[in-house]
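What follows is a set of notes on a single structure, which appears directly below.
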Amino acid sequence: MNTMQSSTTSATTSTMRFAPINLGRWLVWSVFVVLLVVAPLIFNKGAALSILCQMGTVMIFGLSYNMLLGQGGMLSFGHAVYSGLGAYFAIHAMNLASGGSLPIPVSLIPLVGGIFGAVFGVLFGYVTTKKSGTTFSMITLGIVELVFACSLMFPAFFGGEGGISTNRVMGQPVLGITYGPQIQVYYLIAFWLFISTVGMYAFTQTPLGRIINAVRDNPERVEFIGYNTQWVRYLTLILSAFFAGISGGLAAINFEIVTAENVSAVRSGAILLFTFIGGVGFFFGPLIGAVVGVFLTVLLSDFTKAWQLYLGVFFIIIVMYAPGGIASLLMMNVRLMVYKRFARVWPRLLSMVVATLIACVGAVMIIEMLYHLTLESANGTMMRLFGMQVDAAGIGGWLIALALVAVGLFLFVRARPAFRHTWDEANLEIEEMIRKEHA
Amino acid sequence: ENVKIAFIDPLSGPFAPVGQGILYSWQMIADQANKEKWSPGNTFEVVGFDNKASPQESLSQLKSAIDQGYRYVTQGNGSAAAAALLDAINKHNERNPGKEVVYINYAAVDPDLTNSKCSFWQFRIDANSDMKMEAMTTFMAKKPEIKKVYIIGQNYSFGHQVTRAAKDYLKRKRPDVQIVGDDLHPIGQVKDFAPYIAKIKASGADTVVTGNWGADLALLIKAAKDADLKADFYTYYGSTTGVPTAMGAAGADRVKYVGYWNVNNEGFVGKEIVEGFKKKYNDDYYAMATYTGIAMLAKAFNEVKTTDPVKVAFAMEGMKVKSLNGEVEMRKADHQLQQPLYIATWTKVNGKDVKYDQENTGYGWKTDQKIDAFVAAQPTSCQMKRPSGQ
Amino acid sequence: MSKAMLEIRDLHAYYGKSHVLHGVDLTVAEGEIVSLLGRNGVGRSTTVKATMGQVQATGSIKFKGEEIIGEKAFQIAYRGLGYVPENRDIFPTLTVEQNLILGEKKGKKSRWSLDDMYQLFPRLKERQNTAAGVLSGGEQQMLTLCRTLMGDPDLIMIDEPTEGLAPKIVDLVADYLKTLKERGISVLLVEQKLAIALEISQRVYVMGHGSIVFEGTPDDLRANAAVRREWLEV
Amino acid sequence: MSAYSVELKEVRKSFGKSEIIRGATLQVPRGERYAIIGPNGAGKSTLFNLISGRFGVSSGDILLNGKSIRGMKPFEINRSGLSRSFQITNIFHRLTVYENLRCAVLWSLGYKYSFWHRLNGLRDAHERAEAVMEQIGLRRRRNTSAGLLTYAEQRALEIGITIAGGADVILLDEPTAGMSRSESDNAVELIRRVTVGKTLLMVEHDMSVVFGLADKIAVVVYGEVIACDTPANIRGNAKVQEAYLGGHAPAEAHA
Amino acid sequence: MEFTIFTLLNGLAYGLLLFMLSSGLTLIFSMMGVLNFAHASFYMLGAYFAYTISAKIGFWPALVIAPLLVGVVGALVERYGLRTVHKFGHMPELLFTFGLSYVIVEVVQLIWGRAAVRYPIPAEMDGPLFTLYTTTFPMYRGFMMFIALLMLVSIYLVLTRTRIGLVIQAALTHPDAVEALGHNVPRVFMLVFGGGCALAGLAGVIGGNAFVTEPGMAATVGSIIFVVVVVGGMGSLAGALVASLLIGLLQTFAVALDYSLLSVFSGFGLNVGPDTLGFSVLNLTIAQTAPILPYLLLVLILIFRPKGLMGTREG
């Protein structure tokens, strides 16, 4: 009797919270679409465009990786296996298609990658997902090394270290689309990125998507609410491998070549780095991670030889001070904005950021001058830094750099207590508000 | 006009030392050419693009180089990256007429690149691996003490080619020589070569032929010395950055390499460059192809009076230039440079025929024999497609 | 009242920014059992943790006359303050015996030996080589108690020792606390079960909303229905 | 169908050399509330672990609704209608209270491993979760992460997760441990309410809870069920007095 | 005969070398649960330190000083890096060391350049230990084996004769409780991590001149040492030893076997040519697969015996 009553009342009162149409969400997705459409108009130079394309494929890859890491707590060292093998099958499909023996348009090639990614997910996942935790990580490491070694041993399929190449321009153009110009490839990637993102977001909103969260938190208990955790992990991995395969297929179209590095531990490690930098706790974290990651690895290496150092240091800083990744930093500020506390915080935040920037400029100068001295000094010790001519062997540059670091640090230390204080205060108030809201 | 050449090779990661050294070599020669006005009115500038030893990354770098207006590209570290670049350049030139790019391959030695994959846009200024094997086996043929040969290589396409070529050519020239074993090991994975050496030893080989490079070569030779294996090593890459240091005395008098030049050649041609390079970079100049490359480009610019890649490419076909190893010819049929090759042995510096050492080890390369270009020449299966309308 | 073992004055404690203790004053004399009572969440455990240096706190805590606030937990432990945490922090991967060994302090002679512990709770001896993680709830509780004793504390702070213990064992623990007292060890007991607390302690404190609201003997508390109603019962 | 929900037949369980359960036999009729008491380490939680499939029995058999569960995995047993709680709180820390409960109802509503249903579109799951949340009194904390709840709230959630799936055999391991008197009174009320018409097995050391709730009490000592009877008889049982209660059974009036 | 004996000897030597490389990792991993991805980087640091020191004051002082220096670096890393992330759990710890490995490689290149450095074997060790038939067994190899055994013994003593292991294991799950018992947990963590790194450094001092001291040396041993630790069983020193020897022998003997499926088929008189389906698989000799065998072993072990050969617990 009692039970009946309470359940009916709760159903009526709670339907108000139960809002299937979510304006905010529509807005976010629309902005996403607009960004995808507009980005190449802003970054329209050839190389910028190809960077955008890479970011697109890495985004899908990262999102699929986060299905494991962020949502399932499965730290994989071998996710590139799925994207890489997907890419290989995609490129073979393309070669078959251009040979006329497989009627499939280029636009659907990513699907081939996805399907084969999933097939290998079925295959390898059966082995890897039997276990979780470190054991899972280690099996994935073993598998990626095996697949990588095989890729060099069986050149017939993998093309040896030269890989397999293809020509994406084939058959008759459809609606004038040949996929010759990069911009057309971009929009193909953007299209699939959008579809995949929607797909993977939708996954988080399904029963399986929620249960994998539960498995991440407490696998043991999941067994006692009727679920086989091994299956939950396995299915999630297959789906994740599917999307990884799509990203592989797109990469194949984009580069027109697939090489062994696509299935390597290095590639797997990179996506782990990117995803973590972006933030594993939020769905969109990997999107940020892809942008930052591609920027650091592809673009930065054009500007400086020290890019790996920057990448490593940046990553370490994230791990130490923002383990939630960039996304979590963003969301903390967004929360302040939503609760209208940002106005109070931002001046302090700004001074912190400025101080950090100053110190960073100094640190970058030091690093660049060091690199120049050890690597380039044969060509003269003069170098360009931030648009200035600096003599790496001269005392001047070093003094400036050290001064910048010192000033930056000083300002930072000075500004921190005040920032901390306002920040904590604002957040405390927000927590208070939330508590009241719920009460 | 300032002609910018994009050098797309590894500048970070494990292969960085090699890439960096060769970039300096290009820059050194470019400086010299500019100073000495090899092509009046034109200057050369070589800029590095880091491809991180990855074929895919090479393509990104190619794109960004093309974006920045580069029309000449050079690369050499790794046939895989070479094939990828070549493929991409073919496609680019086809899709973007009027913006063609020419590719100077200075060291990627896969024979396919000038056979089945040959392209009008590529000019290879190193000898391909078959040519080197031809030279090597020609040399070996005259050594009656060679009776049992063991072939060991890295398990990838280059390693396979070396194995195949060594077997074929030895069979042709010295049918009496016994191939007592051939092994392929994964590239860059073997830490301990002792088991391989034990195997070689068990086979009774007196000569080892290997296409190994980098640490794989150095460790192989060290392990041989440790086990006191008395066999000669015929290598391709004994002289590349890092190997001399790592090999040191362990390789003395038993390691040979085949190459297009070394500074201890007759008359020490090019010793000024070597000395200048050493002074400036405290490193060794060994990538002599850089000299050939710039010399050829300069001559072509002078002939066609423009730096337009298409015209220059046509001009370079069949061109003969003088390089540090004598007169060389860019064969028209496949764009494979024909040049003399040398066999040299790792020997303690003696001031006479071994004046210059490598990597400050006190050891250098003693030239054993010069093999003339025609001897090493190989037939080609290339069916060159040339752009029309010229 | 004899010499004060533990003297807490005006203790404020915080979890991050949330202020949990608002000026707690409390004294435990040598050889005395003192109970700290109160409803769930009033801050009893926090008081004990703060004393142990595990919670950020201000104010004054004197142990054997010396100020210990701000010291690290292991330093405080070395001074002879023992702490039995409430949620059975046994070390699950170690065996029972290893757990006990960890209770010993380096370079300190203890008046308790492993055998004493096994005598006290024979059940532990039976399970001596079992991983502590698989012990039954009650066995874990016994283990935590013994582990702390192995470090030979002069004052032992026990947080809800009887949770999950069978009624008979509860009696055993109560007896045992009395033995401790007889051996001159002071006890600060945080308890839910009023009956036991009142039975064995010399003095009781009642806490409410982060400060002490009542202090007196068990009889005082029995007599004071108002305090019991307002601060202890619903 | 068998008249017994749970039946233990000569169950034995050893870990390594030590035999913990030594031939326990017990029959729990459908729809009754049973409490299991016994000294620490007697094997009560182990029994629960055996019944819920966490461990396999060494010998003997366990029947659930007349069917043997030998060799079945925990999730299979759960699917055949048995649900349990844990002595040490075992919840999904990073999920909100609501999500904890919604997860717990998904299988029983037949959504299984679905990745084609939209979670927010599942009315039945939503209503079930809300209803359970109401019952365990955590409405206020709906969107709080479970890890941030207080101990008592977590214990309540623990019970909530256990009952949410609608299983008709419920196993509760010390549901009121660590609660104050008033809280545990509430918990007893809650348990009474949510187990109407179901079979309940409960381990408890708090005698007022045991005597207040149980239809029958089983006493486990050294891995054996030494007695199983009504509360009144148990209180009078000398063996039980000696092994366990030691004069702590609450007076009749309390029960 | 000579071949078999030397293959066996080589296998043992290689196995002990693997053990030497991975012992520090085992120590840190078994005690702290931290899978130190930067372990190989500390190995490299050891080699470079030794290179510099031995150039100044000789190899033997370097043998002592370099590992100590690496240990100090390790302790500092723990103090100012790992400790901060420790509270976030094992995954961030692992990721931290992952990032650290990137940084160390770069720093090494910055200081010592990108090419291999000349770090020779000390002259008094540069020669044969003994000659059997016609093959010599190098003295330095013997020295390496000796040091590996020394490491084994000292770690064993630390693990069994001190409470450090217990303190750390307990602190992994309940740091507060351990501190409340009077143990200075942070210091113990620092010591252990520093100790593990010092072991890596020692391996570097010895491995650096036996092999090649170059910035790529970390990457080449990177994953194999994980294989050793995992196959051996997490938290088991004996396991690591057994796994090292197993892998060493496995790989060494595999190299000696030139059989492929193809040769088996042709032995049965079947005719298999390059056009047959799966020719490339059939044509693969065991020798060629030798280096992937450890990974195969890893995967198989983890599937069938997730605890590892002698492990006490799972991941």
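For clarity, chains are labelled A, B, C, D and E in written order, and residue numbers in each chain start from 1.
Keep this in mind: a contact is a pair of C-beta atoms (placed from the backbone, for glycine too) under 8 Å apart; a residue touches a chain by one contact, two chains touch by 3 or more.
The model shown is predicted, which means the values in this text are computed figures rather than measured ones.
Touch-path distance (fewest steps) from chain C to chain D is 1.
Shared contact partners of chain A and chain B, listed by label, are E. Taking the mean of the C-alpha atoms as each chain's centre, chain A and chain D sit 43 Å apart. Spacing of chain B relative to chain E, judged by their CA centroids, is 35 angstrom.
Taking each chain's centre as the mean of its C-alpha atoms, chain B lies 77 Å from chain C. Work out the mean CA point of chain C and of chain E, and you get 46 Å between them.
Within chain D, not a single residue touches two or more of the remaining chains. For chain C, the set of residues touching two or more other chains is empty. Touching two or more other chains at once are residues 109, 113-114, 288, 291-292 of chain E. Taken together, the chain B residues at the contact with chain E in this complex read 13-14, 16-17, 20-21, 155, 181, 183-186, 188-192, 194-196, 198-199, 201-202, 215, 218-219, 222, 226-228, 241-242, 245-246, 248, 359-361.
Taken together, the chain A residues at the contact with chain B in this complex read 45-48, 50-51, 54, 149, 152-153, 155, 160-163, 165, 167, 169, 180-181, 251, 255-257, 259, 261-262, 298, 301-302, 305, 307-308, 375, 378-379. Taken together, the chain C residues at the contact with chain D in this complex read 39-41, 86, 123, 126-127, 130, 134-139, 141-142, 160, 163-171, 192, 233-234. Contacts from chain E toward chain C in the complex involve residues 163, 166-167, 169-170, 172-174, 176-185, 313.
Chain A meets chain E in the complex at residues 75, 127, 130-139, 141-143, 145-146, 149-150, 153-156, 265, 269, 272-273, 276, 306, 308-309, 311-313, 315-316, 319-321, 323, 370-371, 374-375.
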